[in-house]
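Dropping a structure here in structure tokens format, bear with me for questions.
Note that the chains take the letters A, B and C in the order they are written out, and that residue 1 is the start of every chain.
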Amino acid sequence: MTLLVEGAELSIGRARVLSGVSVALRPGTVTALVGPNGAGKTSLLRIMSGEIAPASGAVRVDSRPLQDLSPQQQARCRSVMTQHPRMAFDYIVEEVLEMAWIHGCRERFRRAAMTIALDCDIRQLVGRKFNTLSGGERQRVQFARALLQIWRHREDATEPRYLLLDEPTASLDVAHELLLLRITRKISERNIGVLLILHDLNLAARFASHVILLANGAVQAAGSPEAVFTNNVLSQAYGARMHVERHERLGRLLIHTD
Amino acid sequence: MFRMLWLSAALLAFHQPAAACETSSDSSRIAVAGGSLTEIIYFLGAEARIVAVDSTSIFPQAASAFPSVGYVRALSAEGLLSLRPTLVLGEDDMGPPEVLAQVGRAGVDIVRVPETHTAAGILDKVRCIAAVLDLADHGESLVREKLDPMVAALESIRVSAAKPPQAALILQMSAGAPTVAGAGTSGDGFLRLARLRNSFAELSGWKPVSPESMAIAQPDYIVITQRATRTGDGLERLAPSPALRAALQGRNGMADGLIAMDGMAMLGFSPRTLEAALDLSRQIH
Amino acid sequence: MNSVDELKLPARLYGLRMGGLALLGALLAGVCAMALGAGAIRIPVLDVLAGVNSGLESTVFFQIRAPRVLLAGVVGATLAVAGASLQGLFRNPLADPGLIGVSSGGALGAVSMIVMAPALAGAGAAYALPLSAIAGSLAVTAFLYAFASRFGHFSIVTILLVGIALNALANVGIGLFQYLSDDAALRTLTFWMMGSFGSAAWTTVLPAVALMAMAAVPLLRQGRELDLLQLGEPEAFHLGVDVRRTKRRVILCSAVTVGAGVAVSGIIAFIGLVVPHLTRLAIGPNHRYLLAGSALLGAALAMLADTVARTLATPAEIPVSLITSALGAPFFLWLISRVRPK
């Protein structure tokens, strides 16, 4: 039960974006994908989502090759939140949420949407036009949409699923950033594998159970935050002197630069 | 007796469009689609039978008092039928064909009058319409009395065989480029009637030409429709047109080689066209 | 927490949309009745329908007016549905069958038939013209598709740019035919390009209507896919849409339905662009309702325009494109000015 990438190679034009990348995303974990700009994080996420196929290498979901699954089958077991553009037409938020509802039954949609809207603090946005929302509000709506897509009724609640988030907190204020990351940790307990592209290493250290450090199109280190976030590994990957220390009172790693 | 009944029933059921120039079973109410046909009906003195005309029927002026069924190529089936015609008399190019088929199916005679751009063509057209309206004898005497003398006059014009005068006929001026009559057009036929050689006989159809080709063609005369001159303020306004200037280079003044005439009279191929051709030839030869 | 509001909201919205659709349906029924009742000839419609009257009025009603109203309705509906689908596919409210060259392709096909084989276009027009117009529309869209797919990605910008180039190319072709054609063909061509439902007879209308409907039904069923495409192409794929297939279907079906329409009625301006806008203003952008609403409003608008075209200057008639533009444009401006300040 894993979303697995094995030896993925990818070039865009002449530029080599990924070389021999192998990663695993396990249900029940929150995995942070970190690395400097241009490391290939978004490309790796696009490969994992099935949006692009690697030039060589394989992507497997629960030991089946990803390309053997139809778009509908893929949509049922993973959802993706991208860094998002505007929409051409004035849909209201409720309609945007409904777009993610691939489970039929309107009655259930209303109940599930209400729960998730409350969780994500977008209840007051539901009747507004999506295009009139601020960047952060739109990001919260998109997050709620991604959650609705992999929603399961109680009896199927343990099906393995994957949630791939590309910089989900980029436009969020501190409070909503924390809210979103808390939700990811909470839902990972329902047999969901969450992949987060994050720039804030402190947040990654605090909320992720696993970390993948990507630089120059290759995996530099992977494992628990404690294993990946070391002075040497980070300094080398980011090309800047970085220090990692453990804050005993907060009980977590703190990462800072010179 | 039974055979007659059966035949008329069959006729009613299918109602094939009548062959051109055969006497129509009922020509008491005529919708006319084509200016020259209206002129000819007036020429025959049968205008009392007209119930509608098309937008090109502007001569004689009284004709424009009839209800207009629109442009000859864009007729309306229901519009035509609302005038309860018994006969639709139209030029070659009346249409759309589907509309005429519908009108025909509603039991109205449809007659297309054939057209050739010669003097004989005009006489045939008059005879044809006279036959359709059951006025063949009257038509024939009018042809003999009024049209034959004009045709004879046109034929008697002496033209130098070595160097016949040549002319270009301009239908309209658009953006400085005149649209001229090439081979196969009514304009070409009109120039021939007036015993002129068409400078643009090597073109086919109505074609816009450039100032350069006007200069190369070097027509002795330019015949232009009055409508084309009206887009400016009369003939003198055409002088700045590079095309005409080029064609008339080296001549004494503009008005000399430039002749403006009524477009419908020239191009309609009705009896009026013979008069116009005579008029033109008198100015030139 | 007042969660009751939230439960009610979708229901209210749903009600609004269904109400809007019902209203558009009623409008269409009203316009249809008016279109059948109005015309150059006064027809006692009820008598004719009851079979009491069987003279000229009956012939005109059943053989001339009824097929014409049907043709106007179906062409209007399919143009509007094709317009709404293409606007959704291109995520651009300005997309239009005309924009990507579909209409010009159809026009070029028909014009080439008129000019190159005038005899055929005269005698077998019922079959030759639609086929060549559809062939023109399909050639343009097939080339568009092949050209865009060659470069691996199938982006909207590529389609729009190639569409603009194809449009120009088709117009060059039409211009060339116009130059080559003789006088009579030229005049047919001009009037045909101005659009008219006047040639409608059952023999031409029924095959065309069947073809247009066959191509429009798959478009009507793409509502959800088109909605999801509004999130972006990758996002639509993430939600389970087979993006390539959806694009192919929308483009091909639009080409066939527009080509068939162009063939029987010429180019009817404005409906494919404006009806989806008006419908969106009335019932929102959701394609599952928008496509059906556009079909209803497109049919109503085309019937109305045709009725005006054939009654305003009786016994003559006015080119219908003139009316569609004259009716649609000011109404559209008025609607924008009403809705924007909110």
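A few remarks follow.
One rule holds in what follows: a contact is a pair of C-beta atoms (placed from the backbone, for glycine too) under 8 Å apart; a residue touches a chain by one contact, two chains touch by 3 or more.
The shown structure was predicted, so the numbers you read here are calculated from the model rather than taken from an experiment.
Centrality by C-alpha centroid: the chain sitting nearest the overall protein C-alpha mean is C. Placing every chain at the mean of its C-alpha atoms, the farthest one from subunit C is found to be A. Chain centres here are Cα averages; for subunit A and subunit B they lie 78 Å apart.
Work out the mean CA point of subunit A and of subunit C, and you get 43 Å between them. For the pair subunit B and subunit C, the distance between C-alpha centroids works out to 38 Å. Interface residues of subunit A facing subunit C in the complex, by the touch rule stated above, are 46, 49-51, 70-76, 78-80, 82, 84-85, 87-92, 94-96, 98-100, 102, 106, 109-111, 113-114, 117-118, 123, 126-127, 149. Here subunit C touches subunit B in the complex through residues 39-41, 56, 59-60, 63-65, 122, 125, 179, 181-184, 186-188, 191-192, 196, 198-201, 204, 310, 313-317, 319, going by the rule given at the top. Contact residues on subunit C toward subunit A in their complex (touch as defined above): 1, 3, 6-7, 9-10, 13, 91-93, 227-228, 230-232, 234-235, 237-243, 280, 284-286.
On subunit B, the positions that touch subunit C within their shared complex are 52, 55, 67-71, 73-84, 92-93, 95-99, 101-102, 105-107, 184-185, 204-207.
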